[in-house]
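Dumping the structure here so I can ask a few things about it.
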Amino acid sequence: MTTHTTTRAQTPTHHTLSYDDVTRTIARTLGSPGRGYYVLLACAVTMLGIGVICLLYLFRYGLGLAGYSMPTYWAVYITCFVFWVGIAHSGTLISAILFLFRSGWRTAVYRVAEIMTVFAVMTAGLFPLIHIGRQWFFYWLVPYPNERGLWPNFKSPLVWDEFAIGTYFTVSTCFLIMGLIPDIAAIRDVATGWRKKLYTLTALGWRGTNEQWRHYRPAYLYLAALATPLVLSVHSVVSWDFAMSQVPAWHETLFAPYFVAGAIYSGCAMVITLLIPLRAFFQLEELVTLHHFENLAKLILLTGMIVCYAYVTEYFFAWYGGPTPEREAFWYRAFGRFWWAGWTMNVCNAFLPWLLWSKRIRTNLVALFVISIFVNLGMWMERFVIIAVHLAGEPFESYVRAGYNATWADWGIMLGSFGWFFMWFLLFVKNFPAVSVAEVKEELPPPEHAGRHR
Amino acid sequence: MKLESPFAQRPTPGVLAVFGELGATVDAIAALKRSGHQGFTVYSPLARHELEEALAQPVSPVRAYTLIGGIAGCSIGAWITLYMSYDWPIQVGGKPIGSIPPYVVIMFEMTVLFGALTTLLGVIFNTIMAARQRGTIAYDPRFTNDKFGIFVPAEHTDAGPVEKLLKGCGAEEVRRG
Amino acid sequence: MTHGSTRVAAGIALLVCVAVPLAAQGGQPTPAVTAPVISDTGSLKGPRQPIFFRHDVHAGQSHIPCLYCHYSATVSSEPGIPSLQTCGGCHFIVGGSTPTHQAEIKKVRELTSSNHAPEWVRIHTLPAFVHFPHMRHIKALGTESCNRCHGEVREMPQVYQVAPLTMGWCINCHLQRQVTRDCVVCHY
Amino acid sequence: MSDGMNRRRFLTVLGATGGGAALLGACGVGEEQAQKLIPYLTQPEDQVPGIATWYATTCRECPSGCGVRAKVREGRVIKLEGNPDAQVGRGHLCARGQAALEGVYNPDRVTDPLARNAQGQFEKISWTDALARFGANLKGANGHLAILTGQESGSFGDLVDELAKSLGGRHVVYEPFAFEALREGNRLAFGTTAVPSYDFARASYILSFGADFLDTWLSPVDHQTAFARAHGFAAGNPAMAKLVFVGPRMSLTGMNADEWLAPVPGTEGRLALAVASVIVRDRLASAQPDVGRLSGLLGRHTPDAVAAVCGIDAKTIERVARELAAGDGLVVAGGMAAHYPNGAEIVAAVNVLNYVTGAVGKTVQFGPNQNVEAGTFGQMAELVADMAGGRISVLVVTGTNPGHSLGGAFWQAWAKVGTKVVISPYLDETASAADLVLPELHPLEQWNDSRPRAGVWALQQPVMQPVYATARAAGDVLLAAAGKPGSFKDYLQTSWHAVHGRLGHGTSFDDFWNDALAKGGVASAASVEKVRLAAGVERILAGPPDAPALDGGAHDPVLIAFPSPTLYDGRGANKPWLQELPDPVSKIMWHSWVEVHPDTATSWGVTDGDLVVLQSPFGAVSAPVWMTPAIRPGVLAVPTGQGHTAFGRYAKDRSFNAFDLLGGAANGYAGRTFTVRVSVKTTGDHRFLATNVGDPRELGGGEEIVRSLTYAKAKALKPGDRPFRAREYPVYADSAEAGWAVAQRTEAARGNYAGHQPRWAMAIDLARCTGCSACVTACYAENNLPTVGEDLVLRRRQISWMRIERYWREDDHGLQAVVTPMLCQQCEQAPCEPVCPVFAAYHTPDGLNGQVYNRCVGTRYCANNCAYKVRYFNWFNFAERGGEWEAWPAPLDWQLNPDVTVREKGVMEKCTFCVQRIRGAQNQARLEDRTVQDGEITPACAQSCPSEAIVFGDLHDPASRVAQVSADPRGYHVFEELNTRPGITYLARVVHAEEA
């Protein structure tokens, strides 16, 4: 344990920092916001507004306003759903799994990742409600005792999904709150004015006594232990929404690991996309260093390789397994009407990560930022290909194969979802510590006087 | 601090020492233990294994909450799926009415959900209780920032030796609370 | 001979036997009820109908079986609303005892002569996606079973809805009687 | 719906019934309900609320006059089906006939008499006023009067004749597609203008020269039933007729041919003679009397000589001749072959061929003649000339719409006519240009009769009270205006006294009449007459011109205008069911197209949907290209029916009018020429074809959906064979799979599922299915399917529970078109069911895939998981009053079936095997304390199918017909490898093709 500490202390990162510096740096980020912040917030709210208007139209006139067409019964909305769920994955991965692995570098970034997780799930959860035909009956999916004596069908992957997403949202939120308590307390003790009131209430009376730490530490560990299988399960369940069906290119045993890897892949990319501007914005350079970004980049590289492998496997088995519909589907992905989508996804997700083998790129923020954007794009496109394109290229009933064109209703609501996400994100980072206070301190050498060390 | 009223406690007399160094804090704890003091409170802005080792406290009951919650969740998951299937048997796709494999997913999710909730509630309950424990009256905002602290409950009569002991261990400041 | 004339003749026939109390008692499952004199119709339950048709007088006091007017309930999914001609069958002769009755009966005759049908307010309504075959239920429960869903109409001066007619309500009965709960039996 | 319009009865209909529920349910959200109950004043004696009444009448959607049974609920006719008692149709009805319903309830009917005022605008006038004016016109006409009607083979025709005579005018009959060539050809060959009846059922080899006897020619429904008997494959049936279709364009009939020969347009006659010459040369058929006369002349038409002319190689001609002579041959000529300037000669040549093979008197029967003799295009042309010459002062038009099918010349002449009176239910082109428009009752609302065939008297009776009480029967109007006493019904009955005299057999007239009403008519066998070759027949043999001279540039491509199988001559265009019914060949809806062979298209550099301008000497149209292998390269074809300039919201301004390209002059046989040479100009423009055909598949398509067997292979099959059996697991796994399956079933057989249950199933014989699409419209009518309109069809949002899929197969036997009806397969292990989160899609105890509309939340997962893609989603609220996507603008909603829920927006729907009919039969059986008998339940599609290709019943009852048919060795399941265990068994189609 001691050696562990020292090695961590020797990490090139914060050897100059004292506990106080950490508290101050992070407390500074919560100051009263500048104009830039309000501009961003306004943008987010506007996007959200557009989405809401489109949504109202959708409710009034029906799903026909979106681009759906037989046989493309699912399209942009479900794509966004899977995309956001995917984004939500890196958060718990970093905070839970890396916590269990005791990898110290997570402390500086995990809070951002967790915030992202919670709000991404919040966003994702909206889409299943938006995309159903009679949104006003969505609650029929919930097993509640009703006058008709009817229950939902627990054999349906959609019900699993509802449970998985619900659980994931709750647990991620618990995790976030857990991590926040000591930090809010820390901020409380340096804050003034109404913020002090706010933090005093939200700190739930935390004072860092040995009693509190005694319960807190194991609780955090158990949560992590619960969250870890959950992370892996959630996107597996989401992938089963597809894998449980018999649609060629959906019906694959590979899907669960393939989706989980993809999710972490896109999640880490999103963390980078958010963290780079945030770091500059809040001047967190001392806390969030290149070292962290490189580690994230390595995660992207790893998962990217898995995704790449999955793509290759899909094609290989379509050819090797040999059922015509399967081959049909993958032929369509590569050379069909939507070849461009297929190739965007291949390039962004399977080829781009190879760049990260080079340390120069891994440690170049600009390059990382650009790559992360493309990874996000690619992962959105992957879901679009799997969902919309493979439905359009109906391989069984060749007679109904048809094109698909998204409409303003699709794009509008997708835009709204981004607005929704960024609105919450911005509101949060300005009011609660976006970087862990207590845990960053754990990475620092404890204050000692020279010569008294033993 | 008026604002702490929701968590206000009855005052306890005692000595509060503020430490700038971890090592000193650890020494003080050891010293207090040696001189037979019980129920003193240690403040630290972060969790340090040195402190835990020095205090050697009993294991937290939180793990029990997690376990109970998990088991409860799993069984609830099993119950709703099976009960609801047989309550109104409806055939789909020629599958058995109550078929376990798909229901495992629900059971798993419920396990995690309940496990996590009980843990969080448990820890919040415990920490708030801890905050209400005697001796936690004297507090210094720096304890969540960069200082460690020890509060030893002591009547005025025998506060002197405690102060000396803490000073001796390298407390940066010692005051009566 | 058309339905119409059948009804007139049958009406008169029925009238005759109703006139004979014993005959009227004969085979009636419910004891003879004498319909109360209603002074304040405003206080009655149920919506106000264009004609103050008193089921308690017709079905209760006079023991006219439900199926005499709602004759198609035994053969069809629809119970049907009697045509004014059916009313005419009896009120061709019966003019009513009290002035209030006479007033209402006058309405019937006027409507008939002026070729206007009264617009009865619908009381028992099922959503359009539910198909309720009356004849199946009467076949199963007997011709006197109307009250199981419609309540004791025999005692209602003005008809009002008794049963909630919700799905759960249907299902409970089906469960008790152990008949099918299959969705597509009613929903298609 | 004009307001005062018998509102009382409308509400009556509503209130007294649950029908009201469905009806008002149509106004938006499904929960809505009738809130007022309006009883009948006088209970109609034959109407019990909730129980359908059936009336027999006669279809007037085309001249063939099929018998119809109208299903009436609460005073509204809600469905039309074939009348089994009728001589014509025999219980079946084509799509056009069934769509007559949307004629009655058409939202664009004329409700009041309209007169043109000073400003040239229509204004409503009272009937008394209207009749006064009309009467004055008739009197004032003093002789310069013409009454123009459509084909009227019954009393109404006679009445018009009499009136015209008494008023000194004349009665002209105008049918855009009359049969002049047929009549003239018969006269040339046999000296009679009678049109015989053709016994397809008896033929073992059918050679059709352009005759579209399955789509529009003479009596298609009858022909199809008979053809299915002859051409369908029954196990152990030694003879299965072979159909060879000769014509430059493959029509629906051509699609069902075992062999398609595409000669140079207009040379069909030579081809027929060549075949005849081979038969005579090789004495293939027993020599007929005075064939000797011909042999010499026939000698000129040697296969080699003809081959060069018509582009069919000599070997084929020889083969066809031998095959034809081998059995009971039947050669028919019509359709495009009879639309050339030399159509009559072609028909005559074909007659000679029939004569030579000895078919005349056997499969070609003079005597029970088709009654299509009234009126020629020549007479119409004369009338137009007289109109132009100002010799007509009063023109009365009823039952026909010349304004659509005749071009500019007609309109110029029209302007010269003093008073134009149109008696019509709709404001079609002619009516909207008239001076006086009198609202006519729809044929389903008025009395009439017709004699479709010698020996057949079909009665037409009103099946419901008029939708618009202000409309009147044309007969009554004419009688009243002419000041004659009595109503048209009296006139009808008088004329029926004559029939009674002939067929009454001593019964009282009332009994006779009522019996006729109940049966839909009376019939007497017409004796077959012998015919001999006419004297002038040599003229034909001297040889019809190789190819006729056509109007237009000599080197321009030939264009064939053919009657649309769905819209016919355009009279179907105001019916959304027909507009949204994919054309059986092109599968295009809501607009018109020009058929171009891919080679030709590439040479022009155009592709599907590119707009080209077709310029004929008579007019020009801009038409979207549809590339199809089913047409001879260099030949173009366009359907008639679209391009209306009036005729209501569904017909107006759609695509182009093919008639604009045709000349108005009568040709040699007093007929109209429907072929013309057109110059083609490509425009840059493009439109998407409104079709339901999917994008082509890279790796082939349709093979596992439509299976085919050669005749020889099919004959060789023994009971128990399963040539198409697919297995997805090895043999040794059988027992395990069986055990597993048993375990699954027992685990699943709880609650409602316990005990013995029926398993509703269907068998579809693809050897009989012709793709005529009657079933599709039947489904629309029975199940309240909304028509979504062109825009949504373009977005692939058509809601058609039953779709007829058409694939092309190019093999060494030439081009084959294969069709199959695709509908919900009602799988036993349905992929759609388990994925529904709310049990809206689930399995019913009687083996259906239930779809509970009111439970559905619309996740659409079921549709994704359905390999057959037969689930359809309500993207919008198609029942919203006045909504943008309203499918049933009043009073179209009166056609809604009260037994079927009108689906709300956002729910999934699909074929239910007509579960409402199943429940109906079960309820009836329960009332009678018996079980449902086999054959008691017939889904709408099966009922309508003219080739009787669909069998429905309980698969668990081994005695049931469906169980037996499903056991046929030809039987297979689509995508059997998915192990969904469908309830629908397809029987592979059988093709005549020489074994390789």
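Some observations on this one:
Which chain is which? They are A, B, C and D, in the order written, and residues in each are numbered from 1.
As a working rule, contacts are C-beta pairs under 8 Å (C-beta built on N, C-alpha and C of every residue); 3 or more make two chains touch, one makes a residue touch a chain.
Quick caveat: nothing in here was measured; it's all calculated off a predicted structure.
More C-beta pairs in contact connect the chains of A-B than those of the other pair, out of B-D and A-B. Computed from the mean C-alpha positions, the centre of subunit B lies at a distance of 82 Å from the centre of subunit D.
Subunit A and subunit B have Cα centroids lying 29 Å from one another.
Inter-chain centre distance (subunit B to subunit C, centres taken as mean C-alpha positions): 72 Å. The distance from the centre of subunit A to the centre of subunit D, each centre being the mean of the chain's C-alpha atoms, comes to 58 Å. Across the assembly, subunit D contributes 751-752, 831, 834, 836, 839, 842, 855 as residues in contact with two or more other chains. Of all residues in subunit C, those touching 2 or more other chains are 181, 183, listed in ascending order.
Shared contact sites, meaning residues of subunit A that touch two or more other chains, fall at 149-153, 155, 159. Chain contact topology: the protein chains form a pattern that is neither a line, a ring, a star nor a complete graph.
Per the touch definition, subunit A reaches subunit D in the complex via residues 61-64, 68-71, 73-74, 128, 131-135, 137-138, 140-141, 150-153, 155-159, 162, 241, 244-247, 323-324, 327-328, 331-332, 335-337, 391, 394-403.
Residues of subunit B touching subunit D in their complex: 86, 88-99. Interface residues of subunit D, counted against subunit C in their complex, comprise 8, 11-12, 15-18, 21-22, 24-25, 30-45, 48-51, 751-752, 839, 842, 844-845, 848, 850-855, 899-902, 912, 915-916, 919, 923, 926-927. On the subunit D side of its complex with subunit A, the touching residues are 692-699, 701-702, 705, 792, 795-798, 803, 805, 807, 822, 831, 834-839, 855-861, 863-865, 867-869, 872-877, 884-885, 904-908, 975, 977-978. Interface residues of subunit C, counted against subunit A in their complex, comprise 166-168, 171.
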